[in-house]
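Some structures are shown below for you to check.
In what follows, chain A forms one complex with chain B and a second complex with chain C.
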Partner chain A sequence: MSPRILPGLTGTPRLLVTAAALTVLAIGGTFLLDPYRNYQLALVAAYFCATAGLTLLIGLSGQLSLGHAALMAAGGYGYALTANALTESGIDGVPRFLVSLVVAVVAAGLLGLLLGLAGARLSGPYLAGVTLALVIALPAITSVFSGVFRGDQGVQIAYDGVPEALRLIIAVEQWQAWVAILVTAIVVTGLAVIRRGRLGLRMRAVHGDETSARLNGVPAGRVKVAAFTASAVSAGAGGAILCFVTQSVSPGAYTLAFSLLLVVAVVVGGLGSIGGAAVGAVVVVLLPWLIGTAIGAFDLPTELEQRLSGNLGVLVFGALLIVVTAVWPGGLAGALRRRRRRENRMLRADQMPPAEPRDSRPAEPAIPASPASHPISTEPER
Partner chain B sequence: MDRLLFLLATGLARGAIFALFALSLVLIWRAARIVNFAQGAMAVVAVYVAFAVTGLTGSYWAGFASAIVAGAAIGFAVERGVMRFAPHDSPLSGVIIAIGLVMVLQSALGILFGATVRPMEVPFDERPIVIAGVPVLSPYDLFVLVVAVAVMAALGVLFTRTSLGLQLRASAFAPEVSRLLGVRVSRMLTIGWMLSAAVAALAALLLVPTELGLSPHSTDVLFVYAFTVAVVGGLDSPPGALLGGLVVGVLMSLVTGYLGATVAPIAVLVLLVVVLLVRPGGIFSARQVRQA
Partner chain C sequence: MSQHTATHRRTVAATAAAAAALLAFTACSTPSTGTDPAEAAPGVTDDTVTIGTHQPLTGPAAAGYSSISAATQAYFDYVNENGGINGRAIEYLVKDDGYNPATTQTVVRELVQEDEVFAILNGLGTPTHTSVLDYLNQNEVPDLFVASGSTSWNQPDKYPFTFAFNADYVVEGAALAQYAVDESPDAVVCLLGQDDDFGDEVVEGAELVLGEGGLAEVQRYSVSNQDVTAQIGAMQAAGCEVNLLATVNGFTALAVGTAAKLGYFPKWFSSSSGGDYPTLVGFLGEDLAPKLLQGFTSTNYLPFSPDGEWTALFRQINDEYNDGAPFDGNTVYGMSVGYLFAEALAAAGDDPTRQGLVDAISSGDLVGNGILPLSFGSDSHAAYLGVGITTVDQGVQDFVGTTYALEGDEVATVEAEPVPLEGEGIPGAE
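Showing the complex of A and B:
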């Protein structure tokens, strides 16, 4: 077993302490980064909000959403519209940020609730289709209600500067990174608490075998709706941070491609793993940037460069998605877990006669799946 | 009144395309229990092939034939090369792999051909035929309707009247039993994918000239419409796909005509959510809703 710091601390308190330590570490880390890196860090934090919610939704409750970009957009629009309304009535600074954030989260949560209600009765592909239709309809929605959403142009918000007290110490990018990290920390900690709590267990049960879960008194529909709403809330918070950092929200930023990128992030990181979602968010921010830099380094004709710049990243992500799902289903987190388990086994074999594995985490659903309830059993086995 | 008639007729032609594409989704669903989210991207690759062939030979019909052949080839490649490796423990992995395929295919097309929209020519008059003073259908729409009906009839005959169709149905419904009876289930699965991809390619080829033109994303919206059609009709039911296609096509045509083209995607979304809330198994499906 790998050595643990503070072995006496377990359960939710341990989780909270870890979260606080990581947050402090991240905020301290911003001092080491230049402004552009801090901007990227803020983006990573915003994406992490969304991917953490999505990984919980797909990995634990087994509902696939292709429309998380639309939920992020709901958060972004909620934030931007509220912030603008508050600016007009003379409120600014921290109260404006907090109220706008709450409105953003509520807006995304309500949309998520609605989708969750439609999706709770459905199996995976249907929900995926509904959310796909939502994200495709997003530009249409913003242009039909262009009085509010300003069509393709989107909504711009006033610039949020660094507060007086900190102005001498940090630059604006660093301040934005701080805000992004703090909001993300709160949201993700909430998700982590849900994940290891009662609701998380119920989500696993419903995912593993819905019929058995129902027979055991788990209200499957309500659990699914709760999962979707929690996931939507975190996506909304992510959208609000993104709007805070970029000072604008427009349908062009929340396309189907972006939505699929979020799915790639959580699959590559490992479905259901919050650490994996963090890695996925980093990959999604850094890889396109790396590829862009690499393309820039070669002296390519302008047209080819244009074609490559947008598409090569998507190509790599798509290939990654296929390969990880087919070959490496647990993603990064799953690979780490397998490796740790193997090391533990070897360690234990050295120390003592074989014993009951003590630290086996419930990676498998809590309730064994019965073949009768699997509609997929008609699938040919090859 | 004239306008209504015109919109209804155009809606029927559009609906025939949606129905064809939805039928291709139903074919894969029945054969492999996968909603193939990559169907649109696979079809658009085939349309690019058709575009290239038409450009080289100057003949629309050579392009038309090559789209169908290319569609079948892509279906074969996708089933043998990618889908076969989808883990079977979770129904989501097939969907996720299909999404990866969408990203790969569309970005590859973007790299090879750029994002420019290429208009597609058809050897038909675009002006509507006037019947009794009312403009009804353009010859192209008529052609679309004829092709759609012919393909559906051919598929109907294939599935109900031939040995191959019987084997296809058998291996979809009871793979184990079929294997014991000597059906090559795995081959049937591949044939199902090829059939389905060819039908989808045909539907996309028929749709593209009526839209702005060909781009790597031309079939995104078609896929959403066809998915809606398949859900409205029930994913298990080919007649449902046909009826659903006509219903959605006419509805979209009316919405576009009276409320504007931007409202159409919203109308589809609303229709999809309402159908799923009221009858998750599809309006025309008599079967029990699938669990889990």
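Showing the complex of A and C:
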């Protein structure tokens, strides 16, 4: 991401340092935002968990899930039900948060594992169909088992306030943003490690050509299941954060439209790219809000405004998807990367003969070639 | 070289722009200390008071309720045209939540944090408003006259800033069951209820009268599924003769219509939330509705009698400020909410604060415009603890003259005490 920072560090240590730096930056940034923006930031963080997992699943392992909202919901319900059970037995504060988070992640992970097992036997549209069915069934599941899931109303949980020590410094929205950022940082760093590690390489191999991957001794089925589980775990963490921030979970938050929006977000951001997933999460949160604000700014007749407010967002997302895939098939992240590469090349052309300072690192050619650090590019494959 | 400089310049420009944007957002997240008088009354200026609401303008509940906020808005326009309350005009921000709790959370945060409203008025729906109840009380935002009969709103100790508007669902369930027992003592009484607190509490009220297990059949529906054939079929099979309905308007119509298709014509006893005749006609059609809804029984606590003085005033406001929209129970409801808020705001004095507004309501001095006295007080945040029974006859819905109130766990027959109209319907105007 920032090639000139700490040139001495490579591989996972560098990834960890970058992640830590970005996390500190994001937490520092919360001081500049008003409470509503911090609330939006917390939502972005929660959605980023889900989109990062999804981009890994689709971009790297080549499995399409249209039902990631259901996996987020599994995390959300896992979190809410555990938190309520713990509240009843008198546990609160940090232990309640951590235990609930773990249960949320495990619940989503298990559901993901099951889906992954089915997924390894299915492919393409058939897998998409299974995941689609899951998200469509969600409202029915919550209303059939309404004793547990409380139907459309959803489950409400007790509120986690700002810890005593910080109460005078930060407002509750900022605190929630901090928690969201921290959890997201851990989850996404985990995904980034997977992405550049052995499993990531195997996912790419399976995606590229499953038969040759098998011939080379890659256990394709297991790799696919692992990818699905990892992606479900991160979606579950996202659902848990969302539940923590809003103190409730309901099927209305995880509709089919939202599930498809997650896919749009990762495609617009750039499949396989973690940075692209972040961009996608920002788009999912900010675009509807921007559209709402824009509609409010014009003095439209009430009826027209009502019609637009619900539907214009969907239209804009659709248009955005078409434009981005037509103009930058690699998504926004791909477009940025290409531009940077082009500029680097021009820079080098300007600085002929080859820049002396770089001689200390002879292994670094014009384009980073180490396979692990080479960002996955989906364009040539399509 | 030029490329290099250009890139560099662009980076600098981008950084500067980002910094400027961040500075623009800098409205410090640090919690307030609460000493500044301006902070005690956000949304109040010298000549305006800004309040907000969340309403289902789209989605499954829209057809039954989207006209409420328009009616409230029309009433406020009328008040503003006549000088406002204590010299302040009321600005009413209406946000659509599509009857989806997840959306409610976002729009209410937007109202409180971005638009900095003084209070939330008449947020509609049990599942939706439940999801922001904690949030509003933690932020000490007056949460007035919630458009739902859930008993959750009446918890002064836990939620000191929340006040109900509807008669609560336990009261409605008990009154409907009592009327069923009084009118047809031997009938098999059943219930179709929404799959949330709304349904639960009407069941609770009905069981106060009928005893535990007194409902021969209890069926539930979920708002996200627009098909109640299975539920109605089960009620028909169980031989239900009087069906209590804890349903929103759209599902009342759906239940009545589905039953008719199955050739099943029981008596329908609906909660006031789903029992507005003109709205139901909108769903069932001008030709069928009078036949299907003949004898349809419901409850009400607002002055909606076709020949009352309140109705005459509201009709006039509706014609002048609401483009003559269809006049129905929602119109009376929306304007009554506006009237009660105006009364509370007038009582909060010349320099209203959030706490002052809450105190004015808790004082128990508000009168409202219901057919029974308001129950607000320091230990009660319930609005109406009694309801009148209404029926539909020849396409006209009116009170039959029976009024019940819930006193403890007992249903008692009481006399209605309608509030006379004063000061052209503008509180504080002499």
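Keep this in mind: the second predicted complex is superposed on the first by the 341 of 382 C-alpha atoms of A that agree within 3 Å, B and C clash if a C-alpha of one lies under 4 Å from a C-alpha of the other, contacts with A are read in each partner's own complex, and residues count from 1 in each chain.
Keep in mind that, in the parts below, a residue touches a chain if its C-beta (ideal position, glycine included) is under 8 Å from a C-beta of that chain, and two chains touch if they have at least 3 such contacts.
What you see is a predicted model; the values in this text were computed from it and never measured.
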Between chain B and chain C, positioned on chain A by superposition, is the outcome a clash or a fit? fit
Looking at the overlay, does A:346 come into contact with chain B only (first), chain C only (second), both, or neither? second
With both complexes superposed on chain A, which partner does A:156 reach: first (chain B), second (chain C), both or neither? second
State whether A:126 touches chain B only (first), chain C only (second), both chains, or neither. first
More residues of chain A are touched by which chain, chain B or chain C? B
Partner chain(s) touched by A:317 [first = chain B, second = chain C, both, neither]: first
Which of chain B and chain C A:190 touches, first, second, both or neither: neither
Which partner does A:140 contact after superposing on A: first (chain B), second (chain C), both, neither? both
Please give the nearest C-alpha separation between chain B and chain C in the three-chain superposition, to the whole Å. 6
Contacts on chain A seen with chain B and repeated with chain C across the two complexes: 139-140, 143, 306, 310
Quick one: in the complex, what on chain C touches chain A? 1, 3-4, 7, 22-23, 25-31, 57-59, 66, 70, 96, 98, 100-103, 105, 109-110, 113-114, 126-127, 130-131, 134-135, 138, 195-197, 220, 222-225
Quick one: in the complex, what on chain A touches chain C? 29-39, 139-140, 142-143, 146, 150-154, 156, 159, 161, 167-174, 246-248, 250-253, 289, 302, 306, 309-310, 343, 346-347, 350
Which bits of chain B are touching chain A when the two form their complex? 32-35, 37, 82, 84-93, 95-97, 99-108, 110-111, 114-115, 171-176, 179, 185-186, 189, 220-221, 223-224, 227-228, 231, 260, 262-266, 268-269, 272-273, 276-277, 280, 289-292
In the complex, chain A touches chain B at residues 58, 62, 64, 66, 117-119, 121-126, 128-130, 132-134, 136-137, 139-141, 143-144, 209-211, 256-257, 260, 263-264, 267, 303, 306-308, 310-315, 317-322, 325-327, 329, 373-376, 378-382
